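Each of the next two complexes has subunit A plus one other chain: subunit B in the first, subunit C in the second.
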Partner chain A sequence: MSSGGVTGAIRDVASKLRQIDFAKVWRWIRKLPLLPLLLLAPLLVFGILGPLIYPHDPHAVNFPIALQPPALQAGGDWSYPLGTDQMGRDLLTRLMEGARASLLVGLFGVLLSNIMGMVIGLIAGYFGGKADQVTMRLVDTWMAVPGIFFTLLFVAVMREAGIRGLTPIIIAIALTMWPMATRMVRAEVLGLKHRDYVALAKVTGSSNFRILRKHIFPNVLNTLVVLTSVGLGGAIMMESGLSFLGVGVQPPQTAWGTLIAGSITYMYSAWWIPTFAGLAITMTILGANLFGDWLRDALDPRTRQSVLR
Partner chain B sequence: MRRYVLHRLLLGMITIIGVSIIVFVAARLSGDIARLYAPADATEEELQLIRERLGTDKPIPEQYFVFVKNVLHGDFGTSLSYGCPAIEVVLNRVPATLQLGFLAFLVGNLLGISLGILAAIYRSKWMQWGAQSFALLGQAVPGFWLAVMLMLIFAVKLHWLPTSGMGGIRHMILPVISLSWFSVAFVMRITRSSLLDTLDSEYVKLARIKGNPEWVVIVKHALRNALIPVVMLMGMQLAMILGGSAFIEQIFRWPGIGQLMVNSISSLDYPVIQAITLLTATGLVVIMLVVDVLFAYIDPRIKYE
Partner chain C sequence: MTKDALLSVEDLKTYFFTNLGTVKAVDGASFSVKSGEALGLAGESGCGKSVTCLSIIGLVPKPAGRIVGGKVVFEGEDLLTKNEKEMRHWRGKEISMILQDPLMSLNPVHTIGDQVAEAFRLDKIKRGVKQRVIDILGSVKIPSAAERISSFPFQFSGGMRQRTVAAIAIARSPKLLIADEPTTSLDVTIQAQFLNLLKEIQQKNNMALILVSHDLSILAGICDRVAIMYAGRIVESGLVKRVYENPGHPYTQALMQAIPKLGQKKSRLFQIEGEPPNMARLPTGCYFHPRCYRVMDICRIEYPPMLEMGADDCVACWLMKQG
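And then the complex of A and B:
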């Protein structure tokens, strides 16, 4: 904002835009994998834009058109392309609202779990000894219980302690998933800490914190990026499972899992509710997993050539 | 060897103690348990009496030791929703879960291993494509959605199978398919990649050069080694099946511990929750221990120390 005012700001932005090499951007975009991004597109678009593009009010009850079938089936019409639910609410709009819950919980859940996992994994791997042993026993403890049992317990406890909204789900997912990140980061750090550049940094008197930050962390970053994508799928699977069991996202807010659970009662008359809600979950998880696979190959220096051409 | 077994036994015990601490602390963190036992209009004195009876007025570490002492005597407390000992409530539900879980485990491994072998041997384009897609779908399709869709198609629309409840073998088909779904894809993936690696090894080449028929090479030489990772991950598979039972039993109204866990969570029946979590953890730790020790006997390449 050098020349001041709104016009100045616009001129600044315009000159910045002119500097961008669009051919380069285009080349970068062309390297992105098409299928995973297409599968993830609904989650991202509906999750981010949300209420701006809802065709109907997701909570407006309209009993005269309850359980109206999708547009392509007899009795349906195009103003409700995927049909309506038992209270006459538009299924498409509710799926869009569900994308928002899944995106929020999935993204924050996996980020929190990766931060936890990374910090614990870095400490355990780098310092070894007692810290490492305690961490590995803790990871074993987590592995000994079916994940969903812990998640259910954590959510219930946090709800009981008065934490409302999506926060308990996000924290419970992070608390359940961190061992995966910890194990991978720790394994990587074990390989890195005996490298020459770490030894040299020690000789020059770098503190442990500096070595971790400057020499170890950049090298586990790739792993963390891949873990975030794959973990996003896992976190969304957990969120939809919790919502399905009635402990996740709470009504009136819509989640894909609650849509499926609620549809069981109306299964004889409305096949479209569980079908489309489940397809939304499957598409999203598939997209996140495939994107994770692509990232792993793209970020791995050994296979980079083959993937990025 | 004996040191290895003792070492593993010790680690297993530490793990179970860890689970007990987490479950115990989680239950205590949620607030005043006395309120769950008391009627809604209980006075402060009545609550204090209940606290004293439950022992929740004492410091947390002391409470934990009392908890452990009771658990070792098989006493997890009284179930809030059933009014009888929590351990009885849980043990009553175990057979139903074992029935379903064992079948799912069997199907998951038999089908998964067979599909994995097929995918590793027949390397046609279509076969590879099919195996890849199945592996991907296995990870992406949630078991609970599969269960609902199977119920919708085969029970509600086609009337081939009952929708829910316990009964004959017909009642078990849909639950077992949905419960083993993830396992089948998981085992197939591991078997395939492991068998592909083994088929490339020197000893398999030697077995071929010796003029063995192809099926002898695969079954006798390659498969035996290729299945090691599958068996190693059986504990994890069991944990996944147990976790899945929370959903599948709920959907098909199957009275096992998965359904009990979900119901106990919504009614905050902590004694039952603690009993389920500790029992399943102990069971899984013991099974993993047995698998590890058996392996140490069978496979001389595994180091004991």
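And then the complex of A and C:
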């Protein structure tokens, strides 16, 4: 800061803003993939803004209009564009609220799993030897345990212990997903640690921690970013599955999985509830996967030319 | 060996334990470097030049490779007895190294300036790092260094990248620089430029240099002394002029004959018969005897000792014993 104080800070920020080349920013935005972002947009917009933009109260029961069909169908009403559920609650609002749970659980679950995978993968890959052997056998064993079985058990045990809410779900998801991240990071590190710049760093006297931080970590960051995007889809899928089975997000809070589970009884009379909830899950996971694919191409120097330049 | 040596390698043995047997990559190599001296290490591919260098600085690929014997004495201390953490005291500050492929030696995700600055950060220097980086990049002749420090490696040419690597290697002003075939991936004109720069830095900083190459003409131009390696051992060492004009060992003699000379009207260059020995199954006696044109009976039985021919010259050959 040159002049100091609050006015100085504001002036600094203003001059920084003036330096931004908006044409460049626009060119950069143009390169973003349209379809994946469009598919992910509802999740992000409703998940972040949430209660600020709900058209109705998601929990307000209104029996006279229970199971009202979507607006375009006979008997529908534009004030409830996607119809209502068995208790007369607006389906659109409920889907919006479900996005919130999915975003929260998916994002934190995948972040936690990636942080675990990154730390363990870096150590196993870089130091090798016994540390590597032990962790990799652990990963192998862990991958042999069916994910849904473990998560069910874990969430049930947690609930018995009195721990409720979204935290146990997030932890369960992270615990099932970390082996993948660990493997990916480890494989990457195995290649990176034999690069000459690592040798040069050693030759100039850098410590192992310094080499990991300075030379290895920045190079696995790309993989981690891609892993996060693709993993988001997987985590949301898992959350939906758990909610569907009744051990995930608990009523009165809404999740897409619970919406489907609750509507099974009315499936033949009220097709719109499972359909739109299922569509929401499909869109989100497809969007996350496609975005992950795009990220992988965009961050890979070999294919970057065609995607970003 | 000589007492005034900065570094002396004594009977160094680095073996690789593989599925196909033990490969004796370095098998009893001995040589020394005085401070401020440039030593050339020459030999065919696979004769153990690079492994010798890695052994000195303690970077032999584990777990296959292991130093099984010998000493690496640097300023009176045996580096082979030091553990990884203690070795960091010598690496960079006392002994530094330029690796074989300079183009891979820079991390693609950091700027040039950042990577050079790393060396100063290791010395806990906080102030004036930027100026020091610019100075050192200037000293390796990076044009307009001040603007270049924010460039990324891919924006640099091969020669510039190699000079940057050299800058990193000499940043902490080591007493000994090991350059392992620093010019193999550069084209000939850039090669000459880089070697001249290396020589200049060596003389300015009064730094000892071990230059590894299979190209004898490169070594002749830069080094004070050369050591010729064959199958993991030094077969001859001496002052450049003596070794080139009057080689003692039949292997060195053959190497010298294999260099094309200007104005020579010969359709075919001299070549050494046979091929380098399999390092996992070395012949008995002198390792060179199956290819030697003056082989004697004793050569097949016993490896010749290192015979000192003068102050600086050593030859390991039975021929010398007979005079």
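The rule is simple: the second predicted complex is superposed on the first by the 290 of 309 C-alpha atoms of A that agree within 3 Å, B and C clash if a C-alpha of one lies under 4 Å from a C-alpha of the other, contacts with A are read in each partner's own complex, and residues count from 1 in each chain.
Note that in this section contacts are C-beta pairs under 8 Å (C-beta built on N, C-alpha and C of every residue); 3 or more make two chains touch, one makes a residue touch a chain.
A quick note: this is a predicted structure, and the numbers were derived from the prediction, not measured.
Of the two partner chains, subunit B is the only one that A:T275 touches; subunit C does not reach it. In the superposition on chain A, A:F149 contacts subunit B only, with no contact to subunit C. Of the two partner chains placed by superposition, A:A41 touches none, neither subunit B nor subunit C. Put simply, more of the residues of subunit A are touched by B, taking subunit B and subunit C as the two choices. In the superposition on chain A, A:D140 makes contact with subunit B only, not with subunit C. After overlaying the two complexes on the shared chain, residue contacts for A:L32 are found with neither subunit B nor subunit C.
In the superposition on chain A, A:L72 makes contact with neither subunit B nor subunit C. Contacts from subunit A toward subunit B in the complex involve residues 137-138, 140-141, 143-150, 152-154, 156-157, 160-161, 233, 237, 240-241, 244-247, 257, 260, 263-264, 267-268, 271, 274-275, 277-278, 281-282, 285-286, 289-290. Note for the complex: subunit A touches subunit C at residues 129, 195-197, 199-207, 210, 214-215, 218-219, 301. By the touch criterion stated above, subunit C contacts subunit A in their complex at residues 57, 59, 63, 88-93, 96-97, 99-102, 104-110, 115, 118-119, 122, 165, 168-169, 171-172. Against subunit A, the residues of subunit B that register as touching in their complex are 11, 14-16, 18-19, 22-23, 26-27, 29-31, 136-137, 139-142, 144-145, 148-149, 151-152, 156-157, 236, 239-240, 242-243, 246-247, 250-251, 261-262, 265-266, 268, 273, 276-277, 280-281, 284-285, 288.
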